[in-house]
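Next up, some structures in structure tokens.
Paired with chain B in one complex and with chain C in the other, chain A is shared by the two complexes that follow.
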Partner chain A sequence: MSELLRIEDFSFSYRHRNTTISILKKLDILIFPGEVVGLVGESGSGKSTLAKAILRIPDFKYEVSYKGSIYLNGNDLMQLNDTQLDRIRGNEISIIFQDPLSYLNPMFTIHRQIKEVLKHHEIANGIVADEMIRRCLLNVSFNYPDRIMRSYPFELSGGMRQRIMICMAMITRPKLLIADEVTSSLDALIEKEILDNINRLCSDYGTSVLLISHNLPTILKYANRIAIIYFGHIVEIVHVNNAQKGARHPYTKALFSCALAKVKDGVFPFIEGSIPKPHDVIVGCPFHLRNCPRAIDACRTTLPEMESYDEGSFRCHNPYPVEG
Partner chain B sequence: MSLFKRKTKLSEHTGVERFNLKFLIGGTGFIVLLLIAIFARQLAPRDPIAKFAESQAPSLGKNHLYLKNLSSEPVNIDELRIKIWYRGYKDEANEIILFRNAALQPGEQYNQTFKIRDIGNNGSINVKLTTIAGSDINLAYRFNCRIEDTGNNDGLLSSDLKMESFKNILFIKSGNSACEDYLPRHVFFGDYQGCKIVDHLRGHYILGTDSFERDIISRLIYATQPTILVALCAMIVSLLIGVPIGFLSGYFGGTTDKLLMRVSDTISAFPRFFLIISIVALWGQNILLITIAIGITGWMEPARFINVKVKTLIEQDYILSAVSTGRIWWRIMYHDLLPNILPHILVLAAYGASSAILLESTLSYINFGVREPLPSWGNMLANAFGTGAGSTGLERLWQVLFPGLAISIAVLMFNFLGDGVQKSIGNEDE
Partner chain C sequence: MTDNIVKIRGLNKTFIRKTLITRHVEYIYAARNVNLDIPRDSFYGLVGETGSGKTTLGKLILRLIEPDSGSIIFDGIDVTRLSQREIRRIRPMFQVIFQNPQSALNPKQRVKQLIGNPIRFQKKLDSKSVEKEVFRLLDEVQLSAEMAEYFPHQLSGGQIQRVEIARALGLKPKLLVADEPVTSLDASIRGHILNLLLQLKKNREFTVLFIGHDLHIMEKMCDILSVMYKGEIVESGSVKQIFNAPTHKYTKKLVSMRYISD
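Our next item is the complex of A and B:
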């Protein structure tokens, strides 16, 4: 099966007051058509940056530099000019952001905002577009789409706004949907509804999803494969069935034990220390600084290379052995 | 006490009042100014350029003639007729006989109303007064009319008595103290000693006349035209230049931003007034050029303001959202940024217009703007200090007072409008 998106040796950095701050370092991820890939990591590990960097959105605000390449069906996104990129953004790759209120323009009705997307990509216009929007709103479980179309973002609740964002992202039937922490500001009930909506629409349209979250149970429920990101490095990519027991990297193990464990003796399990700051220069594996239980001397001097095995890949000098 | 709980409005928490007092006052003032400018011709009682004497020609419609006998003897008048002809239409002379074979008793006053038909050229009507008496040169000169002998009164024409009898009939608005009631209330200027007739009293001179015997109220009203025109057009010109520059520099940032903002800084470094005078001196003095000069020297402030606004707005997430749906840059500017910036542009427009009014008045004051005899508040101020201005302080003050008030009120109205819009969009601090 040929992959939809291939992120190859991808690095991302931006310049801030004459210093280059490297955020993403040598990422390699494959996303296949129709697949849901979960991207997990702590805050500040570069999840959202990767989501935006795929569409080169940071270009808009900052002075940035990319290395490596991201291929969408064989086209390198990093080599495209702005006009070509505008055709891909929202049309072939859509993105849903974390906070649905601030990502909707407060000046316009929902109808106008969604229609603008359709008009821009020359998918539909006029009554056809209205009908498409109505159907799409029905698809994201709005019972009265006409009322929603007339309303402004501030008139809707958080879950409703997020569903509007899904509708806006999915109405063009993209090949890849990047869901960047879509449910982090919503409660558990709405979260399930939103993710079910995304899941159903994407399986209907055959859309691949890059599901970004810091919530491991969510990822485990919806993703096919999980990529774990730490300090701008992909430390492990593992199949979801194998994730809890077959993880090789100590960070993955620690993350799972924290996320899925119950409180023991009044103490919630946690990983000591915190993730390094983006401008820190770290020699060796960045995880050895946080009391990695399997750290060896090599970890302090050299960064391990990505190693593949039949069920995934990892980046560790001294991984846990394969169980069984 | 909870029964009398004070009601709280939303505005007390947010500071946003859609229709606040300043907005209403400023908006009403602006509309009134605009209406005055548009209907100046209808509102002004007199021609703003015509001098007192010229403006005394009978106007269309109703005219009044007052005659009073001041002598102690009755005066006989064989015939008094007004012959009106219209410039260029002499054949269509319209003769109105007002008085025939009558005697005016001592102290008796005669009032006559007559109408003048319109057959074309308004404002250029000559009046011919026909009386038993001979010509009065002063009268003819003053009121642009001629007193002619009709030839019907043979016996009286050559005699001195005719003159005497004519002198005994006082035409209202003479310099005689007996007729002061009919004098314009606040006329300070001009020599009226020779005036013996005012057959046109369609309204008094409400604010009197200026040093050139022109009606102050008419000039005030007509002066709103250049003022509003220059204010609005100059503001539009400066916004048309400033807003796109602010938009582009704010949106693209980097080198574009630096370049455009340095250019605007450089132009801002020169005194604005010096630039305007240079432009006017270079290319001539007409109202179009003044407008353009004020406009193109005023774009820096809007540009800087819009630049900062755009810079803060593109930090907003919904702009990122627009980028992520593949919207092209000019579409983002038009569709996402402009609606959010439009209220701020309105504020800039109001303040720009108020400063343009001040500049236009200043230019006119130093005779670089609207040129005499066309009225402008600025050159009305200047008249108070020119040659022929009144000799006393009160006379000069009278001429300064009304144009000065008009400028202040107009500027105040636009500033109120700006403040009001700012308050109604909820950023009073800026």
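Our next item is the complex of A and C:
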């Protein structure tokens, strides 16, 4: 099966006071039609930047540079100009941002904002559009869509706004949905309802999803494959069935054990030290600075290359062995 | 008799919306006859459906919005009777970590001002000491000292959330309303921040109203738990009690999900 999205040797950096600061470093990711790919990693590692960079949504105030390619059905998005890309944004690829309030217009009712999306992509108008909006709001668990349609963003709670963003992204039936922390402020009941809905969209229309979340149990439940990012590098891509036991990269193991381990003596588990700063230039593998338990001499001098095996791929000089 | 730092009686808040065209009036009961006692030095958890009124209740306690009726006694003072000026005077004693820090933080200020200005203003410290304090706070939430120069739009979601936590902790409040404080953090940093809050509780007078939805975290963090549903507190009790024998239909469903995901 050929992939929907192919991210190839992709880098993103910006220039600040005559220095180049790399945020994303030589990423390779494939997303197949109808597949959910989870993206996890430490806060500040570059997940939201990747989400926005795919559609070249520039909100860096500096001069930015993109390298490499992002193919959507074989067409390189990096070769498109802004007008051409605008036809893809919100239509073929939808993105739900991490901070809904900054992307909703405070002056417009919810009804008007969603209708603008339908109008912009020439999908529907008039009462046909109204009915689509009502149905879509029901799909993201609003029992009284009419009250919501009349509301302004500030009149809604945090979780309600997140669901509005999901509705706006799904209503165009995109080929790829990028969901950045969309259910992080929702309780387990509503989270399940929404993700089940997104899942249905995947199977009904073959939509693929890039699911960014800090909630590992959720990722394990909904993703087919998981990409783990650390300091702007993809360090491992692993099939979900193999993720908990068969992860090879030490950072993956460490992150998973923080998320899934039990609290001991009233202390929550965490990884010692912190992720490097964006402008730090690091020689070797960046994880050796976090007291990687498997570090060897090579880790201090050379950055490991991405290596593939049956179940996935990883970037590490001394990975955990395959189980069993 | 237990010593309660916050005592709420008969608190009500209704949002009224008038739609211009149909002249239709809607009432949203965000707080309905809420009674709540928060024991001093406890971690008090608040859970509930989205839109059930948790953030509204947090803001009411801090008088960030005005109640329609009811009383809120904070440390023996009825804050509903204070003027805004008197409120400002006691503000450093209670702080809030906002749920949507992206919009709560002034976008034109650098991180060092966002965290430092309230300290400078309230504690009347010289710039050197303020700066030192800012660096200490940044370190405490695992942000590097360089981030002091950043503006909010240059930070990731979780970095902003940590700036917000540092800002709120900077004034050493007696009462902290933490509204979904760790939702944008990865498991490792989340663990670190939760440990930090538990540490503060050990070291000094520190009460937290912890608004959250992750039951695993609530179980570990909170001494008491209240459940909100459509503006009402529908049940309260020790975490154990609520998890083992939930009574309200919403709580029952929520608790059953907890075992599925285990």
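To be clear about the criterion, the second predicted complex is superposed on the first by the 298 of 324 C-alpha atoms of A that agree within 3 Å, B and C clash if a C-alpha of one lies under 4 Å from a C-alpha of the other, contacts with A are read in each partner's own complex, and residues count from 1 in each chain.
Keep in mind that, in the parts below, a contact is a pair of C-beta atoms (placed from the backbone, for glycine too) under 8 Å apart; a residue touches a chain by one contact, two chains touch by 3 or more.
Note that the coordinates shown come from a computational prediction; the quantities given were computed from them, not determined experimentally.
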Touched partner set for A:Lys277, first chain B, second chain C, both or neither: second
First, second, both or neither for A:Ser102, with chain B first and chain C second: both
Touched partner set for A:Ala227, first chain B, second chain C, both or neither: neither
Per-residue contact with chain A, leading partner among chain C and chain B: C
Touched partner set for A:Lys61, first chain B, second chain C, both or neither: both
Partner chain in contact with A:His214 - chain B first, chain C second, else both or neither: second
First, second, both or neither for A:Pro269, with chain B first and chain C second: second
Chain B versus chain C as contact partner of A:Glu42, first or second or both or neither: second
Touching partner for A:Ala188 - first (chain B), second (chain C), both, neither: second
Residues of chain A at both interfaces, chain B in one complex, chain C in the other: 61, 99, 102
Sites on chain A touched by chain C in the complex: 40-44, 47-49, 59, 61, 98-99, 101-102, 147, 150-151, 155-160, 163, 181, 184-190, 192, 214, 216-217, 221, 254-255, 258-259, 263, 266-271, 274, 277, 279
Chain A-touching residues of chain C, taken from the complex the two chains share: 15, 17, 19, 26, 47-51, 55, 99-100, 102-103, 142, 144, 146-147, 153-159, 162, 180, 183-192, 194-195, 198, 213, 215, 220, 253-254, 257-258, 261
Of all residues in chain A, those that touch chain B in their complex: 52, 55, 57, 60-61, 63, 82-83, 85-91, 94-95, 97, 99, 102-108, 116-117, 120-121, 165, 168-169
Footprint of chain A on chain B - complex, ascending: 254, 314-329, 331, 335-336, 339-340
